[in-house]
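What follows is a single structure, written as C-alpha cells, with notes after it.
So that you can tell them apart, the chains are marked A, B, C and D in the order they are listed, and the count of residues begins at 1 in each.
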C-alpha cells in the first residue's frame, strides 16, 4: 500500500496552482516530479562538496569522487547489476541507446547483418539504429505486435537467424504500458547467437528490475523519469562486453595514454565517460533511488497498476473513447482517443482543470501508424497519484468533450 | 575592479572547513564553484516548474519549455551567436567537440583528408579526432608551440593545404593559460577552404567572447566551468552548417517523421538534441551567465590576469620552481613544477593547508611530453579568488617543500 | 479564458467542415509543416499566378486549432497578392501573441482565433499553417516556382 | 595527521634513492599501471621460478608515495612465493585503508606507509604498484608465463 501523503514529499504540488486549482500531474511517463530529498541532495552537493571528480588531488575532490562513485554503486544495486563497473553514466536513456548503437554497432555491424527491434519502440530505440544501419549496411527487422498490444514472440522467432547480431526491445511501452517478456526475448536472442538490449526507460522507475535475471547484455534508463534530476541516465552492460567494446566519445577521463595521433583507453566504465560528468546529476539520482526504495518498488508497481486499471474502467464509460491497453500485463500508462476530439484538444480541455496529460505521437510514430491514429492522449500515473486524480480526469474529460458535440447556440459563451 | 565580497556569493566558502581552515579554491580550470543564485535557480525549477519540454501540451510544460529556450537565447547572446538556433545544448565541451567530430567528421572526412590541431590541445579535442580518423582514414597534423608557450602561426600556414578540411584549436590553454589568436587562425583556415572550430572551455568562463567576430564555424563550452551546473554544455555552430549536417545521436525530440527503417529530422538546433535534455542544467547555466554578466566579463578577465601575474611573480621566488606561462597573453592559469618535489606531493602539501590545486597531466599528455614533464601542479584563479589566496599559496608552498629538502632527524615528528 | 473562448463555434465549424481541403494538381508551391509538440502535420499547396494567389488548399491531420486555422487561412489568402498574404501572416502572429489591435477588418474568420492568445500552448497550432505558407514563399521565389 | 606522518624519512629515502629500479631482461611477468588522478605510470617486471619470485624491479614515474611504495614492494616480495606476495598485497591494502592491526612483522619498510590511511587521496598512489603486480598474476598464470 502506498502512503496516502506521498504528494507532500513533492514541493511542486504545494507550489503550482492554476487559477487556484491544484496540479493533477498525469504525465510521469514523460518526466516525473522531484521529491524534496532529491532537490536537497543537489543543493547540498553544490553548497558543500562541489569539485571535479577522479582527477582531484585534494580532499574536496576526493569527497566529490566518493559521492559520485557511491551513486554508481547505488544504481548497480538498484537493478542488480552485480558490479558497479557495469554502470556507465549517460545523459539519459537516449544516450545509453546511442552509446551501444555507435560504440558497439559502428564497430561490429557489417553489410547484411540484422538488427531486430519491435513495432512498439520509442524513437530513441529506432533512430540510432537508422543512423548506424546507414553507416554499416545492416538491416532492421521488427517483432510484430498483436491485436492485444503485446509482442508476438513467434514473429521474433521467425526473424531470428544467423545474421541477427542484436535484438533491442522496450521493456515497458511508453504508449501502451505493456510489459514485454524481456527475459524470454533475451533467451531467444542468445540462443540465436545475438546480443540483447533492453530499453528500460519505463521499467526502472516503476518496478523492481533485475538485469542479471533478465540476462540482457545492455539496459538503458533515464534518471528524470524516476524522480531524479534531468541530464543523468545510465547504461548497464555486461562488463566483459564493455571491456571488448571501442569507446563512444573521446576526451578527458576516459583515457590511459594519449599521443598526438593515437590513444589507449581507461578501464570501463570510465572508458565510456568522456569529459566532466554530470556529477550533481548522479548524486541526485542516488537520492531518488533512496527515495523510491524507501517507498518500495513492489508497492509502487502495485499502486500504479491499480490506478491504471481503475482509470481504464472509469474512462471506458466515456462516449466514443478508444483505449489502447493490453488486457493483461498493463501498467499505469493509459493511451486513448475520443472520436471527433483531437488528443491535443483533449489535453487543453484537461489543462484548463489543472490536469496535465500528454497528447501526441509520444515519440513512437511507427506504433501510431500501426494503431492507425496520428496521435493519442496519454495519462500516466506514478506513486504520487491517487484515485481522486483519476476521478478528476474522468470528470473533466466528460465535461470538456461535450463542447465538441453538436451544440445549441445557448451553449456558447462569448 | 572586482567586488571584494564576491566569495560571499558562493556558499561553499562558508560551509567547507578543513580542520578549521577556510577553503582556498585554486582549481577553477577543472570546475568552478557555484553561486547561491545558480543553486536557487535549480531549486526553483524543480520545486515550481518541472515538466518535460517541447512536447508538452499543457501550461506547466509550456513554462518549462519557455525557460529552457530562454536559456538558449541567453547563451547565444553571451557569445554573440546572432541567433539562438545556433546553440545546441550538450553535456559539456567534450560532447560539443565529439558532436562535430562524429556528425560532421564521420560524414565529410575521407581517406587522406587532413585535420589540423595544435600541440596544446586538451584530450577532448584530440581523442574524438583519433576515433574519427580511424573510421575515415583522415590524417592529423599539429600546429607547433613556441618556446614561449604560444602557437606558431607559421607552422599552421605550413600545415594548411588543399587537403585540410578542418582546423580545431583551443582558445585558452588549460595548462599554460595562453590565449591563442583564434580569429587569425580561423581566417587562415577559411582562406585554405577549411572549417574552423574553437574549444572555448577555458575562454567562455573568463572573458568576453564574440564567436561572430572570431568567425569560427564551431565553438564549444562547458557550463560547470563558468559557475553553472554539471551536465550542461553548449555547441555554437553557424546555422547553415547545422542545417547541412547529419545528426549525431538519434531519438526523441530530434525528428520530424520516423518510419520503421528511415527517419527525417527536425530543424537545428533540435536535430542535435536527442532525448530529454538537461532542462534544469540549461536553466542553471542561464542563472550562471546572468551572474557572470553582472560581475562583468571584462572585470573578471582583468581580475584573473592580475592574480595570474601576481602569482607568477610571487612563486618565482620559490627555490627550484619552473613556471610554464607565456610572457604575454597569459591568464589566471599557472602551471609549475618544483625540482625534486612531485606535483602530486605539492598538491598534498597545499591541501593540508586547505588550498586546492590540481596536479597531473591536466588531460594534455602530448603537451606534457612537449614540456618534458610527466605532470605539473596548476593553480587556476577565478573571480572569487584574491591576492590573499596567492599569498597563502606561496607561503604554504615554501613551507611544505622544505620537507623534501635534505632534513635533519629533529625535523621528523612521528 | 474559458474553453469557449478557444473552441469557438466558428473554429469548431471549420474543424468539422474544413474549407479548401485537398491538394492542387498544378500547384506552384507545396510545403509541409510539423508541430512536434502534438504531432500536427500539414501540407499547403498554392497556385500563384503573376504574384497573385489564385488558389490555396491544405491537407494533413491535426487538432481543431491547426485545422481550423488552415481552413481559414486558405480562404483568406485566395485572391491576395503574395505580399498581402505575408502581411496577413504578420498580423495574424501579432493577434495570436495577444498584441492589442483592431484586427476585425482584415482577419475575417481568423478573428475567431484571437482567443488562442490566452492559451500559449496552442499558439503553435494556430500559426502552423501560416508559418508553413510563409516559409515556403522565401524558398520558392514567392511561390512562382517550386 | 601532519605531513610528517605521510612524508616519513623512510618514504623520502626510498623516493630519492629507489631500490630495484629498472627492467628485468628475462622477466616472466611485466605489467603496467596508471593512476589517472595524478598521472603516475609504473611498470613492474618480475621473474618467477617454480612459484617463487626470484627478482622484481620497477620503472616509470610518479609521486613520492607511488615510487616509494614500488621500491619497498619489490624489496618485500623478492624470495616470496606468488601466494605469499598476494597475501602481502591484501595485508597492505588493509593497512593503508586504516584497518587496525599489527602489521609490523610482515610489512617491513612498508609500515612507513601506514600514515597514508589518513590521506585518502593518496591511497591510490600507495596501492598502485601492488595492484599492478597482483592483477598481472591473474592474467599470467601466476606470473609463470607472460
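The rule we apply is simple: contacts are C-beta pairs under 8 Å (C-beta built on N, C-alpha and C of every residue); 3 or more make two chains touch, one makes a residue touch a chain.
What you see is a predicted model; the values in this text were computed from it and never measured.
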Reference subunit B; chain at largest CA-centroid distance: C
Equivalent interface to A-D, taken from B-C, B-D or A-C so that over half of the residue contact pairs match: B-C
Distance between the centres, which are taken as Cα means, of subunit C and subunit A, whole angstrom: 36
Interchain centroid distance [CA atoms averaged], subunit C/subunit D, Å: 76
Computed distance of Cα centres, subunit C from subunit B, in Å: 45
Set of subunit D residues in contact with two or more other chains: 37-38, 41, 121
Multi-chain contact residues (two or more partners), subunit B: 55-59, 61, 253, 255, 257, 343-344, 347-348, 351, 359-360
Touch-based graph of the chains, sorted into line, ring, star, complete or other: other
Interchain contacts (touch definition) - all pairs: A-B, A-C, A-D, B-C, B-D
Complex contacts: residues of subunit B adjacent to subunit A: 11-12, 15-16, 18, 23, 25, 27, 30-31, 33-34, 38-39, 42-43, 46-52, 55-61, 91-95, 97-98, 101-102, 106, 119, 122-124, 126-131, 133, 135, 140, 142, 222, 224-225, 229-232, 246-247, 249-255, 257-263, 274-281, 343-344, 347-348, 350-351, 355-360, 363, 365-366
Parts of subunit B lying in touch with subunit C, wherever the complex brings them together: 54-59, 61-62, 253, 255-257, 266, 270
Subunit B partner contacts - residues on subunit C that touch it in the complex: 34, 36-38, 41, 120-121
Complex contacts: residues of subunit B adjacent to subunit D: 340, 342-345, 347-349, 351-352, 359-361, 368, 374-375, 400, 403-404, 407, 409, 411-414
Residue numbers on subunit D that touch subunit B, as the complex places them: 2-9, 12, 16, 37-41, 61-65, 119, 121-122, 125
